[in-house]
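Structures incoming, each one as structure tokens.
Both complexes below contain chain A, partnered by chain B and then by chain C.
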Partner chain A sequence: MEIKICIGSACHLKGSYDVIKNCQSYIETNQLESEIELKSAFCLGRCSEAVSVQVDGSEVFSISPETAEGFMKMMHTRIKL
Partner chain B sequence: MDKVPHYIDLSTHSLNKYGEELCGDKVEIIKGNKRTIVALADGLGSGVKANILATLTSKMMITMLEQGADLKETIDTITNTLPICQVRKIGYSTFSILDIDDELNLRIIEYDNPPAFIVRRGNLLNVPKTQLTSFDKKVWITEFKLELGDTITLCSDGVIHAGVGVMLNHGWEWQHVGDFIAEQEIASADKLTRRLLETCNKLYDGKPGDDATVVTLRVRDPQITQILTGPPDLKEKDSITVRNFMHQSGAKVVCGGTAANIIARELGREIETEIEYIDPFVPPTAHIKGIDLVTEGVLTLKMTLNKLISINNCCDEPVFHKKDGVSRLLKLLIEDSTHVHFWVGRAINPAHQNPDFPRDLSIKINIIREIEKELKKMGKFVHIFYTD
Partner chain C sequence: MRKFENQVQLIKHELLTEVAKHAFIGTLEENLDQIPITVNPGPDEKYRCCIFHERAITTDRIKMVLGGDPEKNGIVEVLDSACDKCPVDRYVVTEACRGCLAHRCENACPVDAISICKGKAVIDQQKCIECGKCKESCPYNAIADVMRPCRRDCPTNAITIDHRKKAVISYDECISCGACVYNCPFGAIQEKSEIVEVINMIRTPNQAVYAMLAPAFSAQFNYVPLGNVITGLKLMGFRDVIEVALGADLITQHEAEELVQFKYNNKTLTSSCCPSFVEFVHKKFPELIDNISHTVSPMTATARLIKSIDPSAKVVFIGPCIGKKLEKMRVKDTDYVLTFEELAAMIDAKSIDLNALTPQPLDNASYFGRKFASTGGVSSSVNHYLENQGVVDLKLESCDGIEACSKALTLLKFNKSNVDFIEGMACKGGCIKGPATMHHGPKDIKALEDYAKSALEATPKDALRVFDTASISFI
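Coming up: the complex of A and B.
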């Protein structure tokens, strides 16, 4: 699974840095390095819903540093399925 | 635009005598297409009195010379006009003048200032001088043709006296300053000026005993940096804009996520964004083959602007060893470039339509105009193109 976190202007202001940190720590704690590839991206075109996160090049989610962990849990379950 | 065969990179900064609000040294610069004139004057004493003497001297000399007045006439006018100090009963200001034409013929005119440092290919040159007497003033004239890479440094006596009686018995001394300049391998005049003054300030232990001023002139090959900051309003113009941009000479920078995505799309190249933050406040950079630097747009530019303003407010030498977008952009602009061309599009960025987006950031062109102002203070040639 490839997760792209937007680091464009609007998303950066809404906390891309913390979103990335939280996602990274979830991956580390749950040892998902081989299953989830975390990347960044410039503007995904959903600036009004920052922070935008794109999964496998299609679906775009709107998450915040607070909801990052929940989002990762959701992705984690998807992988298990 | 016409091809420029050489670029005269000019920079000046001053350290004020400790505790003084005004500098007793004054530099005036007139930079035209055909002729560049620089006048450095050091007024007697310090503070207000010295500042007035130096300002009058530099301003009158540069204006008269520019208008085509004879050198002797100019010096006589100064001698007869300067106000007389009540304490010392003389009206006095030393001066150095650089006068360069468009074929790089240089004339240095000096009166009582430390002699100009002429550095060519890492060596301090000793060029013969002729003397001209005006009243009882002995003025020295040096004339020669500049070559690419030459560095001419003027300074007030505060520089060669740096550290006298504190760190050094006789101050920094002319020869030592000259050797120091000859050793520096720096492209930018501004960086050299700052390095000299920072060293002076250290020798003075942070409390300069006199006003110290440095003027650096370097003959450089123009180094252009092209910065694309925003896509055109009409999507149909993307392709031609990218093509034109890629055809320009010089280093290429893209500041803006959307612009970067467009470049990558039009060139059919991959865009790889970094995920690691070097600095939590600076958005990460990206890579596109053929582009020297790719950064996020408005936040990076705003931080760059703030940094430029603070750099211009002091004369310390800025060091950019970090690899974040702002540091890399600053290094490219300040140290490497002589010419900076901004490519600005009028497309409305949806990111900035977000009601939570800071208002002062929403008009990128204002930030670029401010950056232009700061870069011009550093002696850069700046041009803003509109892509639509």
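Coming up: the complex of A and C.
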């Protein structure tokens, strides 16, 4: 699974660096390095919402640093399925 | 509304806008012949001797907007049709000459070019060697130096006057600083443009085009909140807008480490951010080429960063600088270079009303990266990095303008320099005073400082903490 986190200006101000940090730590804790690839991206076109996160080049989610862990859990479940 | 500094800016803007308008809707080619008539409708002339002359000049300007003469190995060209008004005799005696008894001017002239005729000084222009001693000696300041502005302001004496009394640029001397472009009161020297290529790229379906905005941007568009311009850029078709100041953050560490290495070898490092300064070293101080930092410029670093994240990206630098067009010819990472003037024309061509837009943020870089746009910014960023590393015994010198650069480089050439780092900025004041900025005012430096202070990230290290910088080459 490839997760792209927007680091463009709007998302940066809403905490995308912290989203990345939180997602990274989830991956490390659960040893998902071989299954989830975390990448940065520029504008995903949803600047008015929270930090934009795109999964496998299609679906775009709006994540905040606080909801990052919950989002990762959801993705984790998807992989297991 | 934008206030134009002068008519030259306005004329250039009107033409660029007209060309961009057609480029955006794909009707440029069939309308090229018509544009001079649209821009100069007549029947009466506005600036020149007749409407036909004005249209001929517009035709020459269009050639530059379309990329200029590929045979000419430089970025700026003299528009033959527009260059014809400047006096060639440099020193002239004005009305203020009182025909005094002392005749200091006559005595000061080393070549006996001055005689007194009917109580007034007269200069024999055949003999005059343009030394200026007469002007200095006159107690009434009655002798005027009317050197052509292009020649006076060219820092490398690249401009000469040919037998038709027109300016000619020697590209062996030219450093593409753009001083002549900005200072020619007739707008007779113009830079090559890529505005049409950029518009065509934006119009290409599914092509991601990124705008890389130079930090000097903060001193532009003073008639509208800066965030509105970001929205405008995205509306125009740019996928995203990235700060070049982020590239400045990227190169800080590399340049600082290079400096330490140089110091260790007892060598002075000269900065590599300003392309005209780098060109100046190459052309006027070739013995110092080895002293130039190998670190890429913030523009190139930003281009590489964007392409490392989106490999299919096309990147457009937008700044105050004409020299960057030269750098783009030498280093290929950046796809296109635009000036703020060209950007303003594109916004108007798309009929985007900046005032009506909702602002969007521009925030990735640190305070230090943003400060690269004024003289001293590079040194202070490098110094800040080194201080944090515990290196404190380095001497850094910021050179404001080519004249200051020349002095520092001369000392270095003769081993008389006692500094470890020379930051060279071709434009006095730095990039915020660049030749292709839309206005030059006393508030520019304050605008940059406000923009720098508003950065979310304090230091380059903070700004870069999420980037995989190991995969990007900085040389």
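Convention: the second predicted complex is superposed on the first by the 81 of 81 C-alpha atoms of A that agree within 3 Å, B and C clash if a C-alpha of one lies under 4 Å from a C-alpha of the other, contacts with A are read in each partner's own complex, and residues count from 1 in each chain.
By our rule, a residue touches a chain if its C-beta (ideal position, glycine included) is under 8 Å from a C-beta of that chain, and two chains touch if they have at least 3 such contacts.
Bear in mind the structure is a predicted one, so any value in this text is a computation, not a measurement.
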Legend entry - Residue contacts with chain A in the superposition, chain B compared against chain C: B
Inset, instruction - Go through the superposed model and pick first if A:17 touches only chain B, second if only chain C, both, or neither. - result: both
Inset, instruction - Examine A:42 and indicate which partner it touches, taking first as chain B and second as chain C; both and neither are also allowed. - result: both
Inset, instruction - Tell me which partner A:8 touches in the superposition: chain B (first), chain C (second), both or neither. - result: both
Legend entry - chain B/chain C common contact set on chain A: 7-10, 12-13, 16-17, 20, 39-43, 47
Legend entry - In the complex, chain A residues that touch chain C: 7-10, 12-13, 16-17, 20-21, 39-43, 47
Inset, instruction - State the interface residues of chain A toward chain B in the complex, per the touch definition above. - result: 5, 7-10, 12-14, 16-17, 20, 38-43, 45, 47-48, 50
Legend entry - In the complex with chain A, residue positions of chain C that touch it: 210, 230, 234, 239-243, 306, 309-310, 360-364, 456, 465-467
Legend entry - In the complex, chain B residues that touch chain A: 257-258, 260-261, 271, 273-275, 277, 280, 283-284, 286, 296-299, 349-354, 356-358, 361
